[in-house]
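The data blocks that follow each hold one structure.
The same subunit A turns up in both complexes below, where it pairs with subunit B and then with subunit C.
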Partner chain A sequence: MKRIFFYALLLALVVIGSAPYVGAEDAPDFKAMLKTVDGLVSFMDTDFSAEYAIVLDKPGESRSVTDAVMFRRDKDEKYLILILEPTSDKGKGYLKIGQSLWLYDPLSRRFTFTSSKERFQNSNARNSDFTRSNFAGDYDIVSGHREALGRFNCWVIDLKANNDGVSFPKTKIWVSDDNLVRKTEDYSLSGQLMRTTAIPTYQKVGNRFLPVTMLIVDNLRGKTINGKLENERTQITITKPSLSTLPDSIFTQAYLEKVSK
Partner chain B sequence: MANEILFAFRNLTRQRRRYLLLGGGIGFGFLIITMVTGLLGGMISNLQQKAIIYYGGDFTVIGSEKTGKNTMIRLPEIGAAVEKAFPGGRATASLRTVNRSSGNVLFFGGDSVRQRQLTGVDWAVEEPIFRKLNYVEGGAEGLAGTNGVLISEPIAKMLGARVGDDLMILADTINGQKNTTTVVVKGIFRDSSLFGYYTTYIDRKVLNAFIGYGPDEGTEAGIYFGETRPTERERSALYSSLKDSLPFFPMVKTIKEMRDVQDSGQWDGIKYVFLPLDAHLSQINQMVEAISALSFVLVFILLAILVLGIGNTFQVLVYERSREIGTMRALGMQRISVSRLFLSEAGGLAIAGSLVGLLVGMMLLWAFSKVNFSWIPGFDVFLRKGRLSWRLDSLEVVGELVLMIVASLFAAWSPAKRAAAIEPAQTLRTE
Partner chain C sequence: MTFSLFRSFRTFAVFFPLLFLIAVASPRLAAADSTVQASDGSSASAGADAAGTSGSIAEDGSTIPADDSSSVDQLFTAPQADTVTKEGGSLLGKFDDHQPITVTGSLQAMGGAVVGVSDGPTAGTYQFGMKPGMSITPSITFDARPDRTFRIHGTATAKYPGDFAVGFSELFFDYTVKDSTYVRVGKQLIGWGITRLFDVGDLMSDSDDGVAAKVYVPVDGIGITSVVLVKTSYGITSDNVDFKSLGYGLQGDVPLGRSEMLFSGFYHDADSTPGKATATYKTSMLGVDLFAEGIGNFYKTKEPSFSGAVAGFYWEKIEPSLKIYGEYYFNGEDSSGTDHRASIVVGTNNIPGTPFKAAIQWTHAFMDNSGSVVPVLSFSPWPHVSMQYGLPVRYGAWGSYYVVNGSPIVQTTAEKNNALSWAQRIGFMFRLTLNVGF
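Our next item is the complex of A and B:
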């Protein structure tokens, strides 16, 4: 019940606050803004690790919780995610090196290629959601305008992908005045809203920022209950962030095989 | 010989009580043979018809570039070559776009289901072929140029969708971008087999626009021969005509052979593969061959039982009729004639029994074809519009009839020889 209240409050903040913000301001250099946005949430000069709790709520079904530990080295485009819970998936891992992403299954002891665009553990998050932010590099700016989002005054920037490697060809981001992304809407090529993400709070790690909680609402998947569509949603909570240097051996297939035993 | 046949006929009618049981056994045996071969023939035919719809024709033409990837093709030259080989319209060519991807997803009311294959069809050409499917709701009429789709019954159930509902399709474009489009369910077909379950049929041009192909492009051209499957001669004529118009690889019989030819040699531009339907059905054909072998064993067992039954009955008959045989022999009947008499009785019995078995078998097959079997999970692939159909090859029936007569003659051979060896004086002396 508490969680439902939390989601309702979170969405209310996002939705009610989406009314057009009155107050004209000169449009800033959006490209420079995107670079700042990317810079604030990327860890290019340090390694990064944290624990992720991914809670998937499918209407009409029981909640599923995935606990994982993340190791990231943004400057080399590497990450390793090791699944800790549920027990049935324990030992599974994702290893990204450059553009290659492998999924390791400890039962078959096999690595299979997967895509950044695929859903992470069947949740509403994509594998690409765990890489560093690269709005400035992956997207071209279509337009931007000012809008209030709850207590945040934001620039809303419409973006269109300039390459085929990103998960969504069109996206819209709400950037608050502190240059942090507070909300995103992801669209298909034809303009269908596919996913909405809210990031109400960030935690400071060194001189960078990291979401405390992300709420992802799948705008396509859900269940019609009493004539009303209730969407699938995934809440990601990030705890125990660390910027300690990680050994190179972590970002290898051998490491994943070893820790999965 | 005519006399022996006449006597044999008289004996068969006079001793009809005794022969009724034996004839009944032969008839039952032939009935089983008729039903097994008839149903198997119908099931194989239905399976092939389903496969023709799924794979897009009796033959498929696929374009291939040396880069190793199949490439988009256009229809005009292929269509002209087909027309040249079969000017009377015996064969028709149709362009398809087949999008096989794990990223194909259908959405309805929040529910989603993956589709293994989105198949873009030229409805103007293929509508008559799609009418053969068994529809739970709606049909294939009037789909040309619309965003109407055909989906399978299990998929419709999973989504809770009905005819007239709007679905959303999510698929990757040729560049790998996520795209969505809204389609309308126009037909729900009954097919839970590997051919239909995870396939959505949509207008080719609509699919092309959705995933980024040009309107006149397709991934393959299907060549249809209608109800009668093409003969070897027609296949060769078609291949020759195609080869005269476009660069083709040598004829292949399996998917492996196709991959081998695509991997070998050097060429510029597009080179084409001519793929027969059976290439896709190698595993299913193995299953069919196994069923055929099983039915052959069944027929063999039946024949063995009949041979034993006929043999034993005729042994008894010879013993019981030894005085009659002795009298006929005393009146001047030759040994060979006695032998012929018994063999004629056995042959006549086999013909009569088999014909009755054939007739009853055909009646039962007809009755079977009126029963809806679509409730059996996974059985749709063998059905036509939810029903079993049957197919008897006349040559095969004649062959089985000959086999039954030969088996009966073989069974009666030894008793007939014994009858011929009877001495008239000796039998007339004994009471």
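Our next item is the complex of A and C:
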């Protein structure tokens, strides 16, 4: 009996003693992780272009589809987006050069400056969603912990903006073990959840990654349909990615005027 | 007189807009009357139609979850594996290579009415009035690109009010030299300047009244645009044309890190003010876009003079949705030196729990303390259709900038574009707009 008690006690001590090491992992250098995350989805050594299909679903309303083409040069903080569909918006364009973002209206043939925080074509995407990722530069790390997200094991990192240029002052990102952001939650300064974004699948182009599709759920807009709460949501599908070098003249107001309707 | 008149119309002015608003909006309000604010801040409408009640299929065939954001996590339970995409070729050919002729069109129609009290022909008199308004603007556009160097584009438009005769609002061709120099020749709109409210710095504001040749050339990161303009009003024919009779414009766009400078000038020898030039500076600071623009006049026989200056800002907040932009304008051509004006717009794209957008514009002339305040409520009840309700109010003495026998001396850009713009002491405006592209 004493022997059984002794072995039971020994086993308990072993279990208790090893408990802190079960299921725990050393917290990584989150700043370095963010730099890796940014690096995998930014195109600093090549130009980038692709077609974007932006599908906005408003509960109880008809679906709207916007097709656009994007030309991006991350190293110079430039992009040009041209709207191809719907017909009513065809020819509108966005030109970002450094901190300046211009919206081109083909009806008035005028450029007006706008904000990267604005909604893109009234969808749930922001203009800032089309720039390069810069979590490491724009945000400070608040905390991080390990969490499972479906089949992905992720680090969940709470971030707080360190400048006013970003669209959301607080954000939480789920980073899978391959250093890709799978999910984000964007918050207001008061902690109100404003937007949730899911990127379940990436496509590798060259040695960089970009989403196949990303689903953006607007947590502040929605309706209850048949007793079930539905939020507005936007699905962005990226196709025909290209890393071909683009002429410098692409990123000019004159080029946008030329290719517009 | 003023007091008694306003007292007699007070009931009308206060209650009629409300009754009208309720009557017109009632079908929509009835549909949305069960809209409530969910605990998480999201709006929820019980009893709305059953459209879109289940999961929806995106264009690529994937299923978008049909409930709130918690369902987002379901996407990760069995996601499609990451893929490797073969890099495609340049997308530039989508625009630059041969494209057959395409024809598109649009229809913009507006109808509505404004009712209210405006100033009479003499000081201290007022008149009650009602004014309907309507405009229809159909247009057909064609566009063809035979190859990457050439494009031809035209838009034929008919307008009512007007004779409804069809005419080309634009008809031009583009020619590209070595993928960097862009030439556009023909009847075309050219927009310069960056103001939203006081449209005084756009030296090309009526460029479509004639024919222009525009050439853009990038030089060491600076974009140079030159324009040769022949307006109908110049009265030029093949017999009397010479270099002095043409108008010449030049603009330089200089990026300066986080800022940007624009220089532009225009010269037409026969004008009373033959030369005009602007310098514009734009930057962002603490999340606010700031700009300043100065305009100068140049003469053949006297010293250059200061024409005016505009300074403004643009600021946006995401939640709650809020945009504020404002501009201050000093008119340097006014000999008294007292012509200062300012205008500010506050707007939201979404009043929480409602289908409405709202905006209010306040414009003030400091020289005589006159001005206008125009609050507007709008929403879209059906596809392509928007409804607007406004309560325009003007203040100031009779004969002042904004209260002159029913029409202001100087209009803001928004007022110029508003077919129902009419100076009232107080009024109610209703407008229905249809905008369809095809």
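Criterion: the second predicted complex is superposed on the first by the 235 of 261 C-alpha atoms of A that agree within 3 Å, B and C clash if a C-alpha of one lies under 4 Å from a C-alpha of the other, contacts with A are read in each partner's own complex, and residues count from 1 in each chain.
Everything below uses one rule, namely that a residue touches a chain if its C-beta (ideal position, glycine included) is under 8 Å from a C-beta of that chain, and two chains touch if they have at least 3 such contacts.
These figures come from a predicted structure and were not determined experimentally.
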Once both complexes are superposed via subunit A, do subunit B and subunit C end up clashing or fitting?
clash
Quick check for you: in the superposed arrangement, does A:R109 touch first (subunit B), second (subunit C), both or neither?
second
Return first, second, both or neither, reflecting whether A:E61 touches subunit B, subunit C, both chains, or no partner chain.
second
Quick check on the superposed pair: does A:L40 touch subunit B, subunit C, both, or neither? Answer first, second, both or neither.
neither
After lining up the shared chain so the two structures overlap, which partner does A:P86 touch, if you call subunit B first and subunit C second: first, second, both or neither?
second
Which partner does A:V181 reach: the first (subunit B), the second (subunit C), both, or neither?
neither
Go through the superposed model and pick first if A:V156 touches only subunit B, second if only subunit C, both, or neither.
neither
Examine A:R221 and indicate which partner it touches, taking first as subunit B and second as subunit C; both and neither are also allowed.
both
Specify the partner with more touching residues on subunit A, choosing between subunit B and subunit C.
C
Looking at 181-189, 199-207, 217-225 or 289-297, which bit of subunit B clashes with subunit C?
289-297
After superposition on chain A, the subunit A residues reached by both subunit B and subunit C are 59, 117, 164-165, 167-168, 188, 192, 194, 220-224, 229-231
Touching residues of subunit B toward subunit A in the complex: what are they?
107, 109-112, 168, 170, 173, 175-181
Which residues of subunit A touch subunit C in the complex?
49-51, 53, 55, 57, 59-63, 65, 69, 71, 82, 86-90, 97-100, 108-115, 117-119, 122, 149-152, 164-165, 167-168, 178, 180, 182-183, 188, 192-194, 196, 198, 200-206, 209, 212-213, 215, 217, 219-231, 233, 235, 237, 240-244, 246-250, 252-255, 257-259, 261
In the complex of these two chains, what residues of subunit A are touching subunit B?
59, 117, 161, 164-165, 167-169, 188-190, 192, 194, 220-224, 229-232
Help me check something: in the complex, which residues belonging to subunit C touch subunit A?
35, 38, 40-46, 48-53, 56, 58-60, 62, 64-69, 72-85, 87-92, 94-96, 104, 106, 141, 143, 151, 153, 174, 176, 179-180, 182, 184, 188-191, 194, 196, 202, 216, 218, 223, 225, 253, 255, 257-260, 282-284, 286-287, 289, 291, 314, 316, 318-319, 349-350, 352, 383, 435-438
